[in-house]
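Labels run A, B, C and D following the written order; every chain starts at residue 1.
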Amino acid sequence: MGIRVAVAGASGYAGGELLRLVAGHPEFDLVAATAHRQAGHRVDVVHPQLTGLDLVLGGTDPATLTDADLVFLALPHGESAVLAAQIPPHVRVVDLGADHRLADPYDWAQYYGGPYAGQWTYGLPELPGQRELIAGSTRVANTGCYAAAITLALAPLIAAGAANPADVVVVAASGTSGAGRAAKAHLLASEVMGDLSPYRVGTHQHVPEIKQASGATGLSFTPVLAPMPRGILATVTAVPTHGVDPQHVLAQAYADAPFVHVLPEGRWPHTAATLGSNSCHLQATVDVDSGRLIVLSALDNLGKGAAGQAVQNANLMFGLPETTGLSVWGVAP
Amino acid sequence: MGIRVAVAGASGYAGGELLRLVAGHPEFDLVAATAHRQAGHRVDVVHPQLTGLDLVLGGTDPATLTDADLVFLALPHGESAVLAAQIPPHVRVVDLGADHRLADPYDWAQYYGGPYAGQWTYGLPELPGQRELIAGSTRVANTGCYAAAITLALAPLIAAGAANPADVVVVAASGTSGAGRAAKAHLLASEVMGDLSPYRVGTHQHVPEIKQASGATGLSFTPVLAPMPRGILATVTAVPTHGVDPQHVLAQAYADAPFVHVLPEGRWPHTAATLGSNSCHLQATVDVDSGRLIVLSALDNLGKGAAGQAVQNANLMFGLPETTGLSVWGVAP
Amino acid sequence: MGIRVAVAGASGYAGGELLRLVAGHPEFDLVAATAHRQAGHRVDVVHPQLTGLDLVLGGTDPATLTDADLVFLALPHGESAVLAAQIPPHVRVVDLGADHRLADPYDWAQYYGGPYAGQWTYGLPELPGQRELIAGSTRVANTGCYAAAITLALAPLIAAGAANPADVVVVAASGTSGAGRAAKAHLLASEVMGDLSPYRVGTHQHVPEIKQASGATGLSFTPVLAPMPRGILATVTAVPTHGVDPQHVLAQAYADAPFVHVLPEGRWPHTAATLGSNSCHLQATVDVDSGRLIVLSALDNLGKGAAGQAVQNANLMFGLPETTGLSVWGVAP
Amino acid sequence: MGIRVAVAGASGYAGGELLRLVAGHPEFDLVAATAHRQAGHRVDVVHPQLTGLDLVLGGTDPATLTDADLVFLALPHGESAVLAAQIPPHVRVVDLGADHRLADPYDWAQYYGGPYAGQWTYGLPELPGQRELIAGSTRVANTGCYAAAITLALAPLIAAGAANPADVVVVAASGTSGAGRAAKAHLLASEVMGDLSPYRVGTHQHVPEIKQASGATGLSFTPVLAPMPRGILATVTAVPTHGVDPQHVLAQAYADAPFVHVLPEGRWPHTAATLGSNSCHLQATVDVDSGRLIVLSALDNLGKGAAGQAVQNANLMFGLPETTGLSVWGVAP
């Protein structure tokens, strides 16, 4: 008998991807999935891609969740802390929301507001030493999707002294699933197709998480909504230290990471190559004109940026190989 | 040690999807992949979504292929027969091309031209008795993608006498991967995005296969290129026989088929729900105004329409459960 | 001084296109635009593509509209009749909604419900004699977008006895702007991109209008939502009469129509070629296998399918050349 | 009788947009259009959106072009100089290629190669004093599309001392029409839809033009291919000078520019709002975390980035109002 898994917030896009991964995971048994407005519906009414999955969404009720060995929380930011507090300590929890990511209560207050819920182990296994911390934790705060893409590109370079942490400029574009499933006019297909639109320029709420995880101390971050359902492409630039080869630093940092691929020279990351996978593709160069270091990072915001990452963390928490039930390879074209 | 598998024509879209499925299949060992112009390149240079797959494309050489237990041929129509003839009888072969599908040499001559290569077992396991025929074959002709979508919608209704085979009207739209990976100006993203364009209206080469497989005797088939990478949506209409419930006929026909889902009333098939899966979704109704029977069918042209179907056939040919290494669930959104 | 024009329902997609066309029209002065929830906003806040258009949306108030010489009503179906009744007879009105299209109160009751508002002159100038009727009218009911595409393809063939009106099968796909601008989850970009989804299969509310306008007596109509902002592609099939050349019938019918183009043999209509224009492209053939007549029709659902059509009608109502302020040519790619 | 206009390179995307604009221009008569491989075809075979335009493409022959009063050259980079040299001085020429943009032969040699053709008046009328220079010129080098978007965002800030020219970081994404109409595998719809892919990172050939036009002295420029046919969104960042309001600087610089719109606070430029227009939308802010200045710039790469810009320049060269035959408003959604 497998590990009993429940998914809270199962009606959203990250929730749907979690259901797909959990249902196909060889060691996990999907025992419950909960939602708010969609409670009472079969899963495949809410997620037609899961047609044949015989499960009805329950209400988001702590009792339902505590019967599991592992709970994924895929709730809107600010909603998971209260629920998490009601889950007994022996049940392992991975929170895909932002509630338990930030070390600094001031950052939480400034960008999210409401009570600060404290910090959990940060769920990015590829950071040095983090794999072991996650394996020893019963509570893990999954990375945000932008933070995952940017941190994987940047953290080893800052840690190695190869990039100046004080002057990091990032422009990152995301597919629309990153904006969630709530019906909003600016996310209508008619508005998005054929359009690139920046948002929250200069004040994005993920800035503190990105700085905390990557080591950047000065960060200009511009997010852009792109006309595609999934994928993040982050262009990360910084002033390099002379005499350090960024590609080499990245290759060393991820030599043993099954999901982070530093591409051979001449190939650039692009989002479609990561769709449906838990992989992140990286490539670095130094700009001929400005001498600035440019790192490109691509991943699936619902994969390595959310649900895949969460399953990878859960695998570690249960002593499973971290690749169990996850795909290195994307679905393309 | 697993079943040794080779893929010929591995540089195309169906070839890439085959590589993904074979590489992730628990009983298959991918031992060779061949191509023409791309021979000599690493697989992940040609298919970046397979980054990390450590294999170099070989030339399309019979010797390479005969070292395998199973060969998938994903070559352009008209190119597989010559190669297939050089593969020893004990090596099982699934041909994804059209070369061995048609029973009638005249149809081959009219729509494809060149020498007629004879007919192999038709690789659509959901047709009555076909699963057993495939299991007993060493040579299987995989369905075409349109034929799969339309035949699954239509064949049980014609077989049950629920639809008049002489007056079938089909309009089916396909994603662009169905048109292949050759660089053609009309397939450029600039041309396709935002566009629906019919093609080969009134004379499509898949008409004989569709008639042969579905039992239709009079077929009007209009294919349309749609602005998406994958997916086929077929709208199949016919004159129904009074007193027969089409939904019931379909539900009975596919009661034991793991990949064909007759949706509950109120839900309509749509392509995105099948992306990356080997599933086909069906729904039927009778038009209020005309009394005509309308069946909607959705599948992934590279999944149930090509590579997934081919793996399903191969599973049967080797006595494996037909779902091995395949996903019922799609990747969405 | 020009003709004073007001647009009611200016915050939707058809409303936005009307504003663009009216603002660029050499004989029209845009004097008022009204909306419900968006009243009080500048036009370019609601329609960023009209940045620089210096106008504030008013409330949907008859007084605002009666100050104009010409009013376009771009309101949801069922909302224009009440407003129209309050506009004085001397003000010319083009209603883009369905309220005044249907001749048969029973059809209205069955598909829309609510009080039947009576029938106005049908706004499809390319129907025989209709140009003159429109020119003599002060009230015109603009065509629906599907009805425009299908009727232009079909009406001359039925009128000429070239097609059997009793057995017409149509599958038509539309871009998402046809579904309006209200925030609905199934219209989110995440859901629509990469997806083809049929809807209201077998019971679409436009069936009575299409039959009334085209002369069809038996109609199977399946609409499909396509992943693009604009455009309709209709595949219209019918049983032909022997000895009649459908291309010739269509070419004759539209010899003097500036916006309807029967393409030369070998070219098929596709939607992108009509984007932003008031043109409809047509092509016909007879299916080799079934002998069925197939007519393809492409137009911009917001152009010839809505706002462009409305301006064409208004031009006729004011004695202007019908092409004034409209483009024959599309914006591509 | 109007100004006689010829378009060379009329079969590409910029050429097609030029034909549309010239054919609709009240003062221009389109007398000739030339192409290489497509010579001999009707224009509407090559550009179906121009169906009804009665013109046959001629060969790219100086004699054809010299019969005109105005010639637009929309040829691949490096091909226009030779042709331009054969056009008599009294014929006005706007070159949409790069051949006559660069002041420094060394830059030409480094990024393009081949003989340096000399510099023409730079065709960006919104630069200070440039409108008058263009009006007095018979030879104008149209801006590149990226250069237009970035220079409009940056030049006034550098000129006003509001931004440090030595540390400019730009990430800009373009729709696929910017990559041209040649059939290349990486531009296939199957590859592009759902994908963001960076290219020529660190060494793009437009860097010298952007620096020359904007005044930047140190520039990191990362271009990204986006899944849409048209549009450029440039994110331009620089270190600001304290005490200068960037929005105010931009607003002043473009107070009299009909096509450049500095948006009111709270609105961000996005590409779809500029489709089909000659407008550029701008907005600026200072990043809360890094203090870096961020300017967003959106335009249609075939409009203000190519054909629209070229017509605007030609209008000035002939003493016409610069807005003649151009639209401030975009086609959306």
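Keep this in mind: a residue touches a chain if its C-beta (ideal position, glycine included) is under 8 Å from a C-beta of that chain, and two chains touch if they have at least 3 such contacts.
Because the structure is a prediction, the values reported are computed rather than measured.
J.: Please flag the chain sitting at the greatest distance from chain D, going by CA centroids.
T.: Between chain D and every other chain, the largest centroid distance is to B.
J.: So using the touch definition from the top, which pair is joined by more C-beta contacts, A-D or A-B?
T.: When A-B is set beside A-D, the one with more contacts is A-D.
J.: Give, as an integer number of Å, the spacing between the C-alpha centres of chain C and chain A.
T.: 44
J.: So how far apart, in whole Å, are chain A and chain B when each is placed at the average of its C-alpha atoms?
T.: 34
J.: On chain C, where are the residues touching two or more other chains?
T.: Expected reply: 13, 175-177, 190-191, 193-194, 227-230, 270, 272, 275, 333.
J.: Of all residues in chain A, which touch chain C in the complex?
T.: Answer in residue numbers: 13, 175-177, 179, 181-185, 187-194, 227-229.
J.: If we count contacts the way the header does, which residues on chain B are in touch with chain C in the complex?
T.: 167-169, 171, 173, 175, 190-191, 193-199, 201-203, 207, 211, 218-222, 224, 226-231, 233, 235, 237, 268-272, 275, 283, 285-292, 294, 296, 298, 333
J.: Given the complex with chain C, which residues does chain D contribute to the contact?
T.: The contact residues of chain D facing chain C are 13, 16, 20, 23-24, 45, 47-53, 176-177, 193-194, 229-230, 261, 263, 267, 270, 272-277, 279, 281, 327-333.
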